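Multiple structures are listed underneath, in structure tokens.
Each of the next two complexes has chain A plus one more chain, namely chain B in the first and chain C in the second.
This part shows the complex of A and B:
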């Protein structure tokens, strides 16, 4: 097996020697440009409100979430099981600042003529996105603070607890008054009649024509992707990796622990908030029932399947699981159990399927489908083997 | 961070006091507050002929404690499973709560197999429950061992995050097994023992049959487990493996089997808890394991992870917090309150009340 891999590597190196030096650079750039063009013109290849386009929009938004969670879980190595909290905050930003929910107030900034006559707070979608980023970043820091001194698995539980508390607050927010007869959330009833995004020249987005929605979330994806790539290669990104690999060594080399960890939480949370705000607007209702623990695990499964710590992996995992969840399971395979004589539909066990994917990927291919090189070495134990060869003590229980 | 001078000294002193007394103060807050308000303001004990009867005593608090301590018996049994597994392989066995859920389902399934119903005689019910208890414990114990073999054992040398992720994955798989088994909604089961019937009253606090069952199952099991861990050879092997797996192996202990044994023990206790839950709450649900698992994990951390006595103490405390919150604040807030306590423990005293017993703790 390893001989075969070595042979393949040799061949690849031989091919690369044959090609001119500018080839690999231009190959990557060409591929990126091609994907970009395909991404932009994709909506023209299908109907303006086809099921496929709807599935794509949701999958792209999931990919944005996965990219955000990847910063926390993958790059900084902090297992965050409460990521749904940022979905909630992002979506509630739309509910609070883009609907008539706070009916006792009248605030209008850059919204459509129709919305500017309504009561409540109505901000332009870009402002809502900014609000979501700021609120989520602050929430991420608050959630991160108690975890700073904890070991890895306790971080997972504390973030989970925070996520659940936010969920309980969302459900029970109906009974929390904020003055003037208004409440914090609308609980399981949901905040409905959310403003669709409106920009000068585009008019209000409508669910009859999904193309503008697609370009909006595709634009968000590009921004998040760009920030992710730049962060990975920045001083901060290297500090995250250093903390992930060995906290004690990183701190003794001068990496500021508190700042670096909190930046990871804040960045990941901000991306989650952007996707959450988009979901809030796209689903046109902000319902507390959406913010369940299963969602955090769904996003985590994307990161794990794609390859923990790998940006392209998170993107691919997000798209893949998004399509599986919104297209493959409900539309294609839903009646599969019945054809085996079993009396249930596949959609009812979708979370079991994602759980199974988690187990499968972690046991069979822990580095994921598109691994980051360094992370792959770590997860497949080659680093440990090298350490052992160097005579140092292997870590952890045998 | 590196400030010096009197301010820093004061801060350090505050930190020390918060570490020592903060958690205890946080735990005492609810009971103390409610005992003071009950005594000072009174509470409505009953309505007689349209007039509320106001009492100024502690029997309402006593009722909360009785209720909480029996709920806590369930959390304690589950928490032992968390604590044993964490002690030996430093893994939060996320699927443990769902193993407990399947324990409930197995127990309820056994009742119908054995034909237990409301008309069964008292002796028949007790005998039937004993059989169901043993079957449920065997099933969940075996299940837990299988999960360990499939999902955790291949990842022994991987980073700690890897088995945690497979544990979460298995938690969801088991939940969906439960969903397919008994459907997606809460299901009432036969109230075999009349769990809400009052057996006797102590100082105005009614003691229900459900409480007696919970304690009658929990106390012997806890004693049996601590006897097993502290007095038998396999128990000694477990303690040795928990302390240092490498050295244990050098001493001729089969580490892999010892770990399996730990999972068997933890799973069996979760099965027992499952039976108590089904009899006492008289309803089962595929999602009950998620909440139970988190409550029990909170209990295990509160007592000090790796510490069996701590897990029992933590379980009982969580039970009381839950009962107080359920009855006084509202059940819809209970989860948030217990999780807030979890975060408070992590911030104030991550080693728990009785101190943790893990390798990292030394």
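This part shows the complex of A and C:
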């Protein structure tokens, strides 16, 4: 195994020596440009409402969520198991501000002519996105506050509980009145007839043509990716990593604990809210049953598979698990067991498949598919040798 | 006895000419449940001096440091730094006021490079927030460039090879990690530097070099240094004043020569002389 890896590294080094020096400089930029072009023209390579395009849209939205959770879990090292709460808040933003749910009110800002005649609050999707970002950031801070004095696994337990509280609140919200006979949520009945996004010139999005939906979530992904990269290479991003590495040392060096941690929670939550708002509109219904604990774990699995702390890893992990969950298992391989004479469908064992994949990644490549640059350096053989050397160093005064 | 000690004993003039104390701790007490780790300790550190805090293991030295830097809150007493009460201030606020420290067991950020480690020390002197980081206006770019430049300057100043600047902290040798930790502390532009056993694990040559380095940073950067140290050669050579803690209480205080001659200190370190011992 390690011999094979060493051989591969050797070959790679040999190939790199053959390439001209400008190659490595332009390689990353070229690759990014290529991926961008492929990303933009992708919908033209498939039918306008094919299962593949649907799977892609959901996978990209998952990737946005994974990027958000990566800020909290990966960069700042705060194990958040209640991330589904921000999916819920984002989705309910669409339910509240983009449907006839609050039937006693009439507010219309920048919506399609059809929607502007309806009762309820109807805001343009961009405004809903902004509302989702603000509401989720505030919710992230509120959920983060009680975890500030905790470390490690205890943070996981508190956030898990909060995720569950939000889920139960969503179910029981149909009994919480907000005046005029209106309620906070519609529980398991769901808020339906959600406005499809509408922009001047594009018309209302329809589920018969998925391409505009794709470009919308692709645009959201680009924004989130850009913000992530900027934050990583900033004073704030460094402070998150420092807190993750050694909280005591970080605060002693002047990193404000409360502010920096809450900023991580708020940022991660805001990204989750954007994806949640998109999901709310795309699924055309906001149903309390969507916000289950398993979803938090699913997003966490994306981050872990991709490489904890790595932006490109979270992107890759989100896309990969998103594709497997929404295209490969239900559309492509679903009837595979039957062709072997087995009496079940692959979708019914999807969680088993994800569990297997997680174990596989942890065994074969524990640092994830695209490890964080810092961790990659950490995991090289040189460090192991150094550590062994340090271990033999005399400890303490003679 | 050694010429070094007598030289620094005569340099301990601040005891006579009253320099205003930069740090003043009055009646500091810390109880962990029933255990009194630090008991009613009062002492002060004159500005621009080098003061040592010594004592047997478990005497409460590091607990005392942790209270000075805000990591733990004293049960009683009052800490004044530069005329301002910092007894219950947050660690980052205390750092911003001008107190920086290193740790007994090196606590660098393992997944960050040497430069990034030092830039964390500079954190409190930078202003970019979340929106500044995203939009990255010119002043943020300038601030980042300055921070990188200063971090490299400091790394060079503490004697790290430029080839090691961008290596991960965990990849550096033990001595270099100590250097980076001091550079990180200096990056916060402190006026009081707390060093917790800086020579732990060093050989005599390295310890001597570090003693010289402590004097140099004191003079170059106009610093006050308070150190916890077990290596008596370093303590006697570098400090102008020594405070001895034992079982959380102040046992003795004075110039290195005075402390060395103090029978209570000898007893704390070596035990009481038995009757039969010559």
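Simple rule for what comes next: the second predicted complex is superposed on the first by the 340 of 398 C-alpha atoms of A that agree within 3 Å, B and C clash if a C-alpha of one lies under 4 Å from a C-alpha of the other, contacts with A are read in each partner's own complex, and residues count from 1 in each chain.
Criterion: a residue touches a chain if its C-beta (ideal position, glycine included) is under 8 Å from a C-beta of that chain, and two chains touch if they have at least 3 such contacts.
Only a predicted model underlies this, so the values are computations on that prediction, with no experimental measurement involved.
Asks: Pick one for A:349: touches chain B only (first), chain C only (second), both, or neither.
Replies: First partner only.
Asks: Quick check for you: in the superposed arrangement, does A:108 touch first (chain B), second (chain C), both or neither?
Replies: neither
Asks: When the two structures are overlaid on chain A, which partner does A:250 contact: first (chain B), second (chain C), both, or neither?
Replies: Touch status of A:250: second partner only.
Asks: Looking at chain A, does chain B or chain C touch a larger number of its residues?
Replies: B
Asks: Quick check for you: in the superposed arrangement, does A:365 touch first (chain B), second (chain C), both or neither?
Replies: After superposing on A, A:365 lies clear of both chain B and chain C.
Asks: Between chain B and chain C, whom does A:211 touch in the aligned arrangement: first, second, both, or neither?
Replies: Neither chain B nor chain C is touched by A:211.
Asks: Share the list of chain A residues that count as touching for chain B in one structure and for chain C in the other.
Replies: 378, 394, 396-397
Asks: With touch defined as at the start, can you tell me which chain B residues reach chain A in the complex?
Replies: Listed in rising order, the residues of chain B that touch chain A are 1, 89-92, 150-151, 154-166, 168-173, 175-177, 179-180, 184, 245-246, 249, 255, 290, 294, 297, 301, 332-333, 335-336, 339-340, 342-343, 346-347, 350, 360.
Asks: What does chain A use to touch chain C in their complex?
Replies: Against chain C, chain A makes touches at 227, 230-231, 234-239, 241-242, 244-246, 248-257, 263, 267, 372, 374-375, 377-378, 382-383, 386-387, 390, 393-397.
Asks: Any idea which chain C residues touch chain A in the complex?
Replies: Residue list for chain C touching chain A: 69, 71, 90-92, 95-96, 100-101, 103, 107-113, 116, 119-121, 123-126, 128-130, 132-134, 136, 140, 143-144, 147, 168, 170-174, 184-185, 187-188, 197, 199-201, 230-231.
Asks: Under the definition above, what is the set of chain A residues touching chain B in their complex?
Replies: 73, 77, 79, 81, 146-147, 149-154, 156-158, 160-162, 164-165, 168-169, 171-172, 258, 293-294, 297, 300-301, 304, 308, 344, 348-349, 351-352, 354-359, 362-363, 366, 378-379, 381, 384, 394, 396-398
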